[in-house]
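By letter and in written order, the chains are A, B, C and D; residue numbering begins at 1 in each of them.
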């Protein structure tokens, strides 16, 4: 029997695109029977690709090409451009299009590209899903509506309306810290059963609900890719049955996350945990910016970009307004973290 | 006598479009000495203009023209298109441009048009401020960043960066229910002193902070337009010294809000309160939609649009996805409210 | 002339202590017909009485007696001991009993004493209502459950269970900042109709809901005392139809609040507003404590106590652990506020 | 072999109390070198003991004795009476004392008893720590202040003040859902270094912070017991280095949690995960109560008690007001869950 995921991916693409770009059947066993599925279409290490910027705030194409190569060379299993870490809500549509085009071209079909389509409401999301289709993404990632005040019915209607109007697979992006709505387990299951959602990037911070989701998905034999967005708990989430991770920190150390995933897939949880512990230490690059004058995204994206600039992958650590770039002293703190964790 | 708002409006436009932004000393009496300021540029009743839609979700231009006429005929002192009630986060940029163009043209300079420029981050807001400049708005209204995680420094940098890059006056839109950041009184005062902000539309629901703002503005003799966005407490906010109101419900009954404002300006608080009490009852149009299947914006914008359709001002009660339009039973409840409050 | 509140107070007490709780039709005019009701049992200025402490943290009885005299001499219409400002959740039951006993004895029936009975759950609240009955309070004030996770049914069951088991009138204390549940307007109306609640101390900060409550109470002709707990917006709330206020700041300047209430009752809103504006300035005593090392209650209760110590009403500015008392520099800032607002 | 927890338990008391009940030095290896620590004083499975009630709401002593025996017979490594699941904020002090006395006596020193001392503020917590000392508890569990508004300085002062005034070890209870303050990693580390806190029961739902805590504790070689309070993610938390769990569901199936812990301690993560997955299914007893008329604690504690009544461990499924007991239909749903997971 063909494995879940492979077939669906093939079928899904076949059903939607005609000739499939990923021709090999996936040798994955039934979900209930396995720990993690490294060959799922949406599985493994799928970093949310940062968007390198030039000093004057434009998309830095050569840096982005190097970053994609950095991720693919390390063995990442997918790429997620235009997510929160990709500063998507900071970019104009033209900048988003350019960034996505660069990622798709540089990836050249090696792994799936799932494109963030992050806008407050249905019609605006559809503007982005059309761009994603046109530019060759393999799937789209969509949040619950934000800014506007919605309840459960509006959220469900939103995902259904988006999925009806795009040929691409839709993954939910569960990120209540940004959109202030948590996607309930029951809703995700219902939308999975109905073929509306192909999976979720879970950045909810609600590991209880995520575990309940994983158990229910396995029980019901659903094809639903469950990826954790929390880079410091990937080992535990894989143990719990997650299909993979979407680690912002994976931009900085993709090889570490690939090793972590491989160890977990092999059932070597001691190695997985040790790798994760090191990555928890590396994650301290997000603490480098002075907390008295920076917050949230400035610290996270700013720390990641500074690390990548120090590693020589991207040119500058520029971030979009109203964030600010890390200064020399803060950069020195990032360097110290990279050194202590063996990256420099 | 020129309408409230008109005088300041003229002055402000002159200042804005000529070489010097504020060439003359302000002829406005010291704030502490008055109850409300009828000659401010941003004062009086400034409804957040709804965006009527055709059945297939496009901007309904004739309906919008009728709505603007409905508001101006009632004596409103300004118009605020592309706010939350205007479904701005549901509209594409082209739809926003069209709606703003229609409002500006129909208004024809009679009152100031302050245009919502509501996007998550600085660069994207600037895309909208440029459109507002091009299309002839008199000022722009800007929220704190949303979706992305920010702290006080990012918020302040955001407003400063926007104001530096637009020739139009910038009013802050304090709406933590949507952006999940409250604009502190101290920040507003600092940005007022520095000429970054010309005023605020306060939809914070924090009447304590709003009063503290009003007292501090008066003490310091600042020119800072303080408009309340809460349509059911306008009388109390005017008593406290607010310059005016931005009532979503003012789309439905602009004459009521103009009467309320006039009574307050004349010191006739008994009349002001009675008018407000009637408007509180009228506000129940937002309770018409079934709470088991609707939420937030669907109930608010949906109720207002249904009322306006019943009043014959706009053609349909269509709202944008993922909201849904009110059904027949819900529409009957709206009709009952309009009848009991004397509008039908 | 008897003070506002006294008449209703007498009636209510008679009804409560005799066989029939409410034996006569109420001689109160229809709510819709009046601005504020001077003859309600729970109306006018009802300060939440602070609990002065000795340097070693015990209830300072002579200071509490002086504080009560300070409030009664100024003409307050009721007293609310053991509220949040009274540090009730910091006190042992023995300390609470002592504080309540002192307030009741010192008041000697001059005005109603409504006693806070603030505990997380029903049985524990009932322990406090029994103490309030025994010690001679006129009514009790009860919040929604806290700490434990509850929904609307548990909240309603809580108030019903408490009211069934006490002979005293029950006022709801709507304080979501502390209990993290807002009491909906519909719930309050239902409990008012059913005789469960006699009124509310509204510290919700939700002036929109409070106005909707006031309009609905007037429409339905309910007897439901609506008191605002926000000391900087009392004028607007009285204009909207509130029966009175429960101002923490009223400990410091009770005469100011009595003048404000009297002006409002007389329809002199200009005077009411001017008095309120001065009190907004006085409220800055809560900003005296260094925000880098203090928060919330420390700043509020600590500021009030420091002001009262400077005014000579209470002996020390001691607050309960884990709060800390204001230091000399902070006390100097409180003194400056008292001087600039004419109290020193 | 003595149960995990017992040895350390002895040492800890010796160090602080003089006459040592448990005289052996502690053979614990450096934390960094192990996966989980079976010999820590506060480690392993430490259920938050429910408080069985009679039909009229009093502590049901025979049922509580049977419940303790049920937990000890299954091999639990410690007991945590008077926690949230123990309805501590619903009980009077007399009821709390009785419940704690029964647990201590029935346990008879077999495992450590850590007693919840859950009150809003310092002095009231100290009332409970004195009771815990008197009644023979081995340690106390204390939350951040609640109801009152506090900031970081008040929270730190609170824990320091409590620890200074009790001879028992103090564990922090990090439960922002109830107290609305998250205990930051830095604060916990500082208080661990200073000997203020001996550990934490983490019910924060913030697995990211919990992992960061675990890594920092290991790096710094601190002795700080880190117990997860989330019963559906215990396997992942143990993989991450947690010392144990405090599972409410452990009342219902303590043997399952003991097996899970033993498998994890042996490095058999496949077995641990399978056991955890079954327990996730069992956790659905908390979904049995009708969500339209119950919420939060009613569903959780009510579901657990109903399960224990069905299992014959306790007499009734009575819960405290304002919760309600599960009805027959809901009880049937609990029974179905018990049957499908092999407990009935």
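In this section, a contact is a pair of C-beta atoms (placed from the backbone, for glycine too) under 8 Å apart; a residue touches a chain by one contact, two chains touch by 3 or more.
Just so we're on the same page, UniProt names per chain: A, B, C, D = Dihydrodipicolinate synthase family protein.
Source: prediction; values computed, not measured.
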> From subunit A, how many touching-chain steps at minimum until you land on subunit C?
Replying inline: 2
> How big is the gap, in whole Å, between where the Cα atoms of subunit B centre and where those of subunit C centre?
Replying inline: 35
> How far is the middle of subunit B from the middle of subunit D, if each middle is the mean of its Cα atoms, in Å?
Replying inline: 51
> Which subunit C residues sit where two or more other chains touch them?
Replying inline: none
>> Can you give me every chain pair that touches, using the contact definition above?
In response: A-B, A-D, B-C, C-D
> Inside the complex, what are the residues of subunit A that reach subunit B?
Replying inline: 57, 84, 89-92, 118, 120-124, 127, 145-155, 157-158, 161, 177-180, 293-298, 300, 320-324
>> So in the complex, the part of subunit B that touches subunit C is made up of which residues?
In response: 35, 205-208, 211-212, 215, 218-219, 230, 232-233, 235-237, 239-241, 267, 269-270, 273, 276-277, 280-281, 283
